[in-house]
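Quick heads-up: structures coming right below.
The two complexes that follow have subunit A in common; it is paired with subunit B in the first and with subunit C in the second.
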Partner chain A sequence: MTTSASIPAPPHAAPEPGTVEAPRRRRIAAARRSEGRSGLAMATPALLLLLLFLVIPVLLAFGLSFTNARLISPNPPRFVGLDNFVRAFTADPTFLRSTLNTFVFALVIVPVQAGLGLLLAVLVNQKVRGVAMFRVIYFVPVVTSIVVVSILWQFMYEQDGLVNSFINTITFGAWQGTAWLNNPSTALGAIIVLSIWQAVGFHMLIWLSGLQTIPEELYEAARMDGATPWQQFTNVTWPGLRSTMVFVLVTITIAALGLFVQVDVMTQGGPVNSTTTLVYHAVRKGYREQETGYGATISLIFFVLVLIVALVQRFLTREKD
Partner chain B sequence: MTTHTERPAAPAPTRPAATWSAQIRPATTRTLPATLGSQAFLLLLALAFLAPVAWALISAFKPATQIISDPLGLDLTALTLDNYRRMFVDVPIGQGFLNTAVVLVVKGAITLFCAPLAAYAFAKYRFPGRDLLFGTVLITLMLPTIVLIIPLLLEMKALGWVNTYQALILPGAVDAFAIFWMRQVIADVPDELLDAARVDGAGEFGIFTRIVLPVIRPALAGLAVLTVMNIYNDFVWPVVAASSERMAALQVVLSTLAQNITGNRVGADYATVTGELLAAASIALVPLLIVFIALQRHFINGILAGSVKG
Partner chain C sequence: MATVSLTSRPASRTSADRVEHVLRHRRKVWSYVAMSALAVVFLFPLVFMFVSSLKPDAQILGDVGSPRAFLPVGDISLDNYFGVFDRVPVGQFLVNSVLVTVLTVGLGLVVNSMAGFALSRMRWKGRSVVLALVIATLIVPFETIAVPMVYWVAQLPTLVMEGGVLKYDFGWLNSYHVQIVPFIANAFSIFLFTQYFSTIPKSLDEAARIDGAGWFTIYRRIIVPLAGPAFATVAILTFLPAWNQYLWPLMVVQQEELRPVMVGMQYFFQLNTAWGEVMAYTSLITLPVLIVFLSFQRAFVSSVAASGVKG
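The block that comes next holds the complex of A and B.
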């Protein structure tokens, strides 16, 4: 597409530039003088909203972490130094369990969801009938709210729910399932499965956009050299997906570390803390139990952990050459 | 000057749409062979993705006791609207829809107006502190907003905004990402187009509304569907900031009902609540599903453009 073709020729491209140009240029210059003011004025509404509801809360989180502030309290918040941090790491087993669960969740979700997403992308990138329809279908869970998804899967995970009926059918009754969400050893796994089901269509789409940037000629050349489909994948497809891979990994990681809704709707952290997560714990403490200062501390620790993970990922996926 | 008539044809910033339409073409024969086997596999996966949703939509029409006793069975003669009828009586879902609709319209309008306006300023104007301000915007991109919930709630309390529309609407109405994305798009609008309008005596704001906005329409459509989807499905902030019955957004109403399943609502038995919950989940799911199917191309554009932000 030619960008400039349909754009009306600017008037100063007319002949006799010397005579016409000067006054026009002066008018443009005059307009440009006011641009400082106009520009700032136009940016202000958005910047004001960001300042009020993003920058101030960040600063507030820092400040609150070192106080014993409560949501509703007759006493003003008092500075308590590092007490909240000490409490989190030494006197709050639920916090430690939340940290562990959060990392277990992320460690499983990141490779599995990225891998499945890539598999789906390769599948719907084929030249077969109906791929466009399959892309839409695989995307349906992504547009479904995570609250609704959690509610549906809660039913499916019951003792006599859809999942167990299905397992029962395909194993001819040989294997009896459990009430997945009520069992401390399966609850987190159950949440992992539904989380992947909900989000994998999104990453399929990202991988797909990456796949389609790889020139067809590379595949033709590989085939000419007698490469098998698998060799084509490892030598052409995978290297061509490098930046997509980094992006997919980073977005899944950040989303996974923020696990909250599924837990809040389905298990409330239980049974016996087997599904509590950092964000869930922060909201439980800071909001439901009204310990705002401590909730802010957990949020801050969470933020630092996310930052560390992001930096480590950036380091591991850096361009080696 | 022919700007007006020619404007819709200006193709410069249609990049997301163009990219996707290039992508929509199936790749020519390669990788896995296009066999019946892979088609069957695709179909099987499609079932796995649709089954839970289909199950909910159908079960909502089954008698409540049957949903429990026979989750997979379907007795066509027994289908009923009882779950819906009871749900509309017992659950404030109408209020939930209303609250979500109000937030959707106002917050959506703020996002779709303020973010491109600021983006235009960042892309096309020089003003003091511009680079510093935009740098700050970029930094906030990396911040997981979920971190802000507790301090933001405290801020709402200080303002007396807990359980108000302001609390639901203003925080997050403009996010750094929307500004960043729109700036990329507007930077591609040729300066000549803007200068030409300026020479014709258009005011700076007039240039934005009459030239910039129409030219970036495809990207705006992408931003619009992304915004609608996010607001409609938003849960974490609404449940913390406005969970009173009068102010609860749709998703909050649903989660409250879901927590009744554990049996703490007085006078409601398990089966009844289950039926109501499936009816409520279905009715919450359907509007966005219809919008998605009708506008899938815009959704996919929006999400693709939206996610290639890195």
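The block that comes next holds the complex of A and C.
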């Protein structure tokens, strides 16, 4: 397709050399070619880097899961078929425990963090003096490194730490508390609490930007009809937040499935595997014990879970249209 | 609201208004109470951290259980900070993290904005396929590829100086570039730039083309100066993960002098249980980020809100 001047010519006719349009057409074609070359050239650095450090590692995750590759080994990797997958599901209780813990963590974190985030967003969406300051305060833990947060909370969770002393004070000494992270029945719960504390401000902001897309006139109309604040929330706010909700739930779920840093810093998977997770187990096997092939298998299983979540998201957002 | 008076009679309006006013006032008071209580929940661990970093260990433990835990009272000093510097090369860790963060964010801005420019404003073969593929990669969490990528970078070619001679070798482990290069290109940054650039009128490019400007000149002289907000958003969204990197350097950097602050802290934490010094270290690496955040909080908040469009 070139210029409108070429339209009257029959489709298969060769371009007439003597016409005025030909040089111009050639010029335009040359410009297009140069645009094509420059476009590709400008995109190349990013595309090359994505190829090297995203596409190839993904393909490697697939490829290596069917081998016995080791991180440092004189022997080349050997194809072992489905051995790694069979091992994970039948011969590695720590893997099964990691999967279970990861699911428990996600099942608790997703509704609680999403709900609390929404509550915070509704609070800081009010038109009262000083809300901007509260938004900033609730967001401070998000900009604090999760490594710092984990170490800090580990200190607070000690037997004679801040958490127990607080519980002791508000129950007037009725309850002594425990060394939260050393107790198999409380360690995962303790990690859940600090994870929510650290990340909920992020989802508050996402909810908030969703809330602010709802036009004020809808609330005015609802108020005129005598709707209570709760009715305004259920009939105006909630229906307007549908796509935000899907986004919030999916980002929390994917982040929750990837739980790693808190476990690595605070408990190293213990006590008695009560806090080991999929990603933690993948790093333990694939990196610390140098079984790259098996580590890749666990990473791949984690990826499949993330893909399922993403597909559910697509399904949920499709339905709306 | 003026429209309200149309439906309610003047006589009842005053009393209804008064009830409404009281209710609204009461609601306001309660939401301040709730917001302040929550503010305490979000701030007390950090206040505790900063305050404890100034106290000797015996006093930190003694103050737990009283409000003194949150007040800089008693034997206050910077001894814990000096202790940290004595024990580990934390200055070197800070330099490493700043270097890695600045280069990752800076090179990322250049590389990703160029790709965003090519993908949003230029016509070339395969463009739409490439854009779709780039967006598709957003679904891959880093944790999925971390383990295979260690294996991969351990085999990449590299150049080393050995006795004044450049030599060809294999393996990227234990270097600065292994902490930077894999994170320069970022699909989400490319996506944000593509989105932002496509809102700038195309007629600007055409006018510049007629004046004989090349594509790179258009990008550099016309589009970049008009896209300040996009650059700010991408810088903020890539700054935090770069500064907070943990899993990757934990695996690829064993040499102490190359460690970034987060991994350095984990090692420090493991060899030392003097909580005062640990709190001094965590305060030391949290303060710079908090200062950056508080100075640019508006930009931070709008950047995070912008990341919500990802869904």
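Of note:
The rule we apply is simple: the second predicted complex is superposed on the first by the 280 of 321 C-alpha atoms of A that agree within 3 Å, B and C clash if a C-alpha of one lies under 4 Å from a C-alpha of the other, contacts with A are read in each partner's own complex, and residues count from 1 in each chain.
One rule holds for everything that comes next: a contact is a pair of C-beta atoms (placed from the backbone, for glycine too) under 8 Å apart; a residue touches a chain by one contact, two chains touch by 3 or more.
These figures come from a predicted structure and were not determined experimentally.
Superposition model on subunit A: subunit B and subunit C are shown in a clashing arrangement.
When both complexes are overlaid on chain A, the residue A:K127 reaches subunit B alone and has no touch with subunit C. When the two structures are aligned on the shared chain, A:E216 is found in touch with subunit B, with no touch to subunit C. Applying the stated contact rule after C-alpha superposition, one finds that A:V250 touches each of subunit B and subunit C. Of the two partner chains placed by the overlay, only subunit B lies in contact with A:Q232; subunit C stays clear of it. When the two complexes are overlaid on their common chain A, residue A:F66 makes contact with neither subunit B nor subunit C.
Of the two partner chains placed by superposition, only subunit C is touched by A:N168; subunit B is not. In the overlay built on the shared chain, the residue A:Q313 is in contact with subunit C alone; subunit B does not reach it. Residue contacts after overlaying the shared chain place A:G36 against subunit B and subunit C alike. Once chain A of one complex is fitted onto chain A of the other, the partner contacts of A:M224 are limited to subunit C, with no touch recorded for subunit B. Subunit A uses residues 31, 35-40, 42-43, 45-47, 49-50, 52-58, 60-61, 64, 69, 71, 120, 123-124, 126, 128, 130-131, 134-141, 143-149, 151-153, 155-156, 160-162, 165, 197, 201-202, 205-206, 208-209, 229, 243, 246-247, 250-251, 254, 257-258, 260-261, 264-265, 279, 282-283, 286-287, 292, 295-296, 299-300, 302-303, 306-307, 310 to touch subunit B in one structure and subunit C in the other.
Here subunit B touches subunit A in the complex through residues 1-3, 6, 9-12, 18-20, 22-24, 26-34, 38-39, 41-42, 45-46, 48-53, 55-56, 68, 71-72, 110, 114-115, 117-118, 120-122, 124-130, 133, 136-137, 140, 142-155, 157, 170-174, 176, 179, 190, 192-193, 195-196, 198-199, 204-205, 208, 229, 232-233, 235-236, 239-240, 251, 254-255, 258-259, 261, 274, 277-278, 281, 284-285, 288-289, 292-293, 296, 299-300, 303-304, 307-308, 310, going by the rule given at the top. By the touch criterion stated above, subunit A contacts subunit B in their complex at residues 1, 3-4, 6-8, 10-12, 24, 27-28, 31, 34-47, 49-50, 52-58, 60-61, 64, 69, 71, 120, 122-132, 134-141, 143-156, 160-162, 165, 197, 201-202, 205-206, 208-209, 211-212, 216, 219, 223, 229, 232-233, 237, 243, 246-247, 250-251, 254, 257-258, 260-261, 264-265, 279, 282-283, 286-287, 292, 295-296, 299-300, 302-303, 306-307, 310. Only residues 1, 3-4, 7, 27-28, 31-32, 34-35, 38-39, 41-43, 45-46, 48-49, 61, 64-65, 69, 111-112, 114-115, 117-119, 122-125, 127, 130, 134, 137, 139-141, 143-152, 154, 181-185, 187, 190, 209, 214-216, 219, 240, 243-244, 246-247, 250-251, 262, 265-266, 269, 275, 278-279, 282, 285-286, 289-290, 293-294, 297, 300-301, 304-305, 307-308, 310-311 of subunit C touch subunit A when the two sit together in their complex. The part of subunit A that touches subunit C in the complex is made up of residues 31-32, 35-40, 42-43, 45-50, 52-58, 60-61, 64, 69, 71-72, 120, 123-124, 126, 128, 130-131, 134-149, 151-153, 155-156, 160-162, 165, 168-169, 197, 201-202, 205-206, 208-210, 220, 224, 229, 243-244, 246-247, 250-251, 254, 257-258, 260-261, 264-265, 279, 282-283, 286-287, 292, 295-296, 298-300, 302-303, 306-307, 310, 313, 317.
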